[in-house]
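In the two complexes below, chain A is the common chain; its partner is chain B in one and chain C in the other.
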Partner chain A sequence: MTVEAREARQPYLLLSPAMVAVTLLLLVPLAFIVVYSFWLRTATGADQAGFFLDNWREALSDAFYRDILLNTLKIAAITTLVCAIMGYPAAYVIARSRGNKAVLLLLLMLPFWISYIIRTMSWINILGASGAINSALMWLGITDAPIQMLYNEASVILGLVHFLLPFMILNIYVSLDGIDTTLEDAACSLGATRWRTFLEVTLPLSLPGLAAGGLLAFVLGAGTYITPIVLGGPTDAMFANLVFEAIITQLNWPLGSALSLMLLAVLGALVLLYNHFLGMGQLMKGLG
Partner chain B sequence: MGAVTLQNIVKRFGSFTAVHPMSLEIPEGSFVSLLGPSGCGKTTTLRMIAGLLDPSEGDIQINGRRINDVPIHKRNLGLVFQNYALFPHRTIAENVAFGLKFRGVDKAERDERVKKALDLVQLPDVGDRYPKQLSGGQQQRIALARAIVIEPDVLLLDEPLSALDANLREDMRVELKRIQHQIGITTVFVTHDQAEALALSDRIVVMSNGRVEQVGAPEDVYTTPATEFVARFLGASNILPSTCTDADGATVALENSAFGKLVLPRERAPHVSGPGAVKLAVRAEKLAIVAPGAAGAPGEDEVSVPGVIETVDYQGLAARYFVRIGNEQLQAINMIDGSPFAEGAAVDVRLRPRDCTILAEAA
Partner chain C sequence: MDNTKRYERLRERYMNGGIDRRSFLGLIGAAGLAYGVQTPFARGALAAAEQVRFDGWGGVVSEAFRKHAFDPYTEKTGITVVDGTFGGGDEYLSRVKASQPGEYNIAHLSGVFDYARYHNLGLSSTLNEDNIPNLKYVIPKLTDVFRKVTGGTLSCVPYDYGTTGIAYNRKHISDEEMKEKGANILLDERFKGKIAGWSDWRTRIWYASLQTGQDPNGATDMDAIWEAVRAHRDLLLKYWSSGAELMSLLAEEEIYVTEAWSGRVYALQEQGHDIGYMDPPNGFGWQECLFVMKGSPMEPCEELLNFMLAPETSIAVAEGQNYPPALDPTKVDLGKKIPTLPAFDPTGKLDGLTFADPAYWNGNEQEWSKLFGRIQKGY
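Then we have the complex of A and B:
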């Protein structure tokens, strides 16, 4: 074998374990789900193999599913917006800090060491009827009965922001950190105030990070099902909860498959849109 | 246009002093270089003038007005960086027009002035491109255009040519000189490259370890270095510890181990007041290496001593010899006529005392 041929093969050799894993653990199960979505669950509870469009017809025509899908997208959008507004200043401070950058980044990573479920449940101890805030308010005599702060849309969004903020900050940080500060010096020397410099130079150059963080927060937020279970009320179900409900509770795999593919299609379209305008490279930078 | 005055400016970073008290007059329209090795405080000084750093002490004036407290965006200075610092998300025309936006220049005049600036740097047709689509040299011209289009009082350049390759650097050097002449702007140029400083400047400020070693015209700094540092940093020099034996109004007599007695004209040793230890600087190119007993006996104003070549560094046009004379090893750079001397060859080393300098620095 020539050197060239060996070099040409090398990337594939190195990638092959990962490609095998992706194929077996992701693509094959996904193919099963696609197949399942065309099966039918009969009245007896058994699945009937075949090519039926019934699940798809139900998923796409029932207003119940549509409303929950729209609500899911709304919650994900609000969460993303809040993360962006809260995350940008934090990322800016980290990127521009001189000595303690490593410490700040470590603090940012710290939450990842604790299970996401436990982090979500911690809000019950803070906002719950006998949680920290209500206990304090009652002890101070400001209220007699606990204020209901949990189990509504706001607490779901709060939980999601808590979960997704580090992703947003990391992505914006990577973008800001890559901006050459002499660009800002140049803008100032040309007559721009600090604020104008931010608007004209820093912000536009950090948009790729903001977009990457936004995409990640949106996709992860829209696909979540634990946060609404732990922090949401009966009417705060998100789309992934429907999938969970169909598959785990009702054991209706065909319908669950169709629903999950529906969510995948919506979020996949978003990712493709992002890729079209900004490319995947930026997202990888933020994750790596 | 403006004159710049630095009055005892100091810059400290924590307990480290990057610039020791430094005073400097930069006349209107002149081209002044800050020259020195890496870390000597050139950029720090430039950034203080620019307003990117606050001096720890001292005053900075432009046209006699103290500007210490004027924020950078109101100083009206043109800044050019080593890495160009063009805005990657803006076209070339937008880059050049950037500073005009903040000066209330209307769109039509802006376009006009951008066009003129691009003509000046001889890149009239690149306005619609993005910085990435230009070569390094072209980007640096655009950075220059962007800095001068705002008609700044002073142009500040921080190693603007260092990122370019050797040939391009020389072309850009000529270009920079032409543009500076054409618009006659006061320019402060930071470099660690002595050739750039010598070629471009009206005056050179040689710096070392945060202190000014010498200020003078290129020729003065080169031929009459004030300190050992300057002598060694600009070109190659030999520093010979010597003893002054006699000094009168016209001549200074001294002795050293390599050449014995030397008599220098007074202007080569202006600082010497009387007998004592001094440092003699001899440029490597002023030592002539000849074959022993070569034709053309030493001129009457020339001294000749025997030596042995220890190392030859062949450079094509010239050769650098390390030649031993007694206990001293000296460096000599000579044009090659025929073939260079071989290592180990016995030679004569000739020197005209009036080509030497006694350093102002105490021995």
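Then we have the complex of A and C:
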């Protein structure tokens, strides 16, 4: 084999373990889900193989699914916005800090060491009727009875922000850290105020990171089902909860498959839009 | 010859120049692939003689099983019991459906309707009752209903029974008020935001039947039922989905009233919480069984069931999980604590409990579970 041929083959050899893993763990199960979505659930709970469009017809035409999907997208959008507003200053401080950057990044990663479910449930001890905040308010005499802070849409968004904020900060940080600070110095030396320098130099250059963080926060937020179960009230279900219920509670795997593919299609379209305008490179940097 | 020896011989041949590098790496790769492919399928068979998997409801129930049944059983037989948990029969059924035969062995199922569902899906086994002599201590009525479903044979042994009644915080609701209002307390506007409910569609429909004055095993006005389910939802703080969550909501006083599992309320009372419990007329009675899945190693499973039905084990577990055992009190002395447990019937006839009719509930399961899922979310 010639050197050129060997070199041409090398990338495929190096990529093959990852490609095998992606094929076996992602594409093959996805193909199963596609097939399942055309099956039917019988009255006993068993599946009837075949090619039926019933699940797709129901998923696409029923207003119930559309409304929950829109509500899910709304919650994910609010969460993303809150994460961006809270995450940008934090990322800026980390990127511009000198000496203690590693410590700050370590602190940012600390929440990942604790289970997401435990972190979500911890809000019950903070916001609950006998949680830390209500206990403190009643002890200080500010209120006589506990304030209802849990089991509503706001507590779901709070839980999601808690979960997703580190992803947003990391992406913005990567973007800010890559900006050549001499550009900011140049703007200042030409008479721009610090605020104007930020608005016209720093912010535009960090937008890809902000967009990457936003995309991640939105996609992960829209796909969650634990947070609404733990922190949501009766009417705060998100689309992933419908998938969970169809598959687990109703044992209707075919309908659950159609619903999960519907969510996948909506979120996939968003990723494609992002890729079209900004490219996936920035996202990969943030994830790395 | 074991795999290590095979590898050592192959490596020696390679080092001695007996085979080239490409062949050596190819053989190692093929062996790895073969191991990877066969392991998931062989795991069940290899483990069969050494362990039995048991799945139950978690929390205090699992603790009682572990302490009073599994650990002593392992000590006696050398067979390990791997215990997992689930939040409900539906969730567990979904897991079993996705598994290989033999992966799941014994489940602590609730209700004859679950037994019938599992049987209808082809998941039942046939127990050799000669290997379970302690079955003679069990209340006959509990065994008979299972036999009817599986044509005279058994795929389970009855283990305990209890009720889903109403738990209430005595600081805010008196015993007299509970007696007066019964199931309708769950629709009392005065407690809006302080009411909870189990996210189980059967329980919701059962209680809506009581609230609308209908037979829980034969409602005729389903519109009224769904209206009651909606009315309850609109007063709700949240639907709970596990025993641990139920206990937390009551203990933390997030809620004042909810339906609840009798044993969990007893556990809260033991912890010193002032929580009352009552079964309204026609309250939801259920029995739980230890169901053996098709494809399980039958003899170790039967041995475990027999061990668990031994009066000393069964009584210890019952005292730990706070549900009366399936043992017939006219045949076995159940000690001092069990007669004080909620739902306990000293006659062993269980005439005071209303159980779910499996044909009625399973016949409507597909439609009602789906509709409840929508109403639960505000529709």
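The working rule: the second predicted complex is superposed on the first by the 287 of 288 C-alpha atoms of A that agree within 3 Å, B and C clash if a C-alpha of one lies under 4 Å from a C-alpha of the other, contacts with A are read in each partner's own complex, and residues count from 1 in each chain.
Rule of thumb we're sticking to: a contact is a pair of C-beta atoms (placed from the backbone, for glycine too) under 8 Å apart; a residue touches a chain by one contact, two chains touch by 3 or more.
For clarity, every value in this text was computed on a predicted model and none was experimentally measured.
When both complexes are overlaid on chain A, the residue A:248 reaches chain C alone and has no touch with chain B. A simple residue count on chain A separates chain B from chain C, and the partner touching more is C. In the superposition on chain A, A:151 contacts chain C only, with no contact to chain B.
Of the two partner chains, neither chain B nor chain C is touched by A:115. In the superposed pair of complexes, A:45 makes contact with chain C only, with no contact to chain B. Of the two partner chains, chain B is the only one touched by A:185; chain C is not.
Touch criterion not met for A:61: it reaches neither chain B nor chain C.
In the superposition on chain A, A:2 makes contact with neither chain B nor chain C. Legend: residue contacts after superposition of the two complexes on their common chain; A:237 is shown touching chain C, with no touch to chain B. Contact residues of chain C toward chain A in the complex are 88, 90-91, 93-94, 97, 117, 120-121, 193, 201, 233, 236-239, 241, 248, 252-254, 365-366, 369-370, 373-374, 376-379. Chain B makes touch with chain A in their complex at residues 50-52, 72-79, 81, 83, 85, 87-89, 98-99, 101-103, 146-147, 150.
Chain A contributes residues 180, 182-183, 185-193, 196, 200-201, 204-205 to its touches with chain B in the complex. On chain A, the positions that touch chain C within their shared complex are 41, 43-46, 64, 68, 124, 128-131, 148, 150-151, 229, 232-235, 237, 241-242, 245, 247-253.
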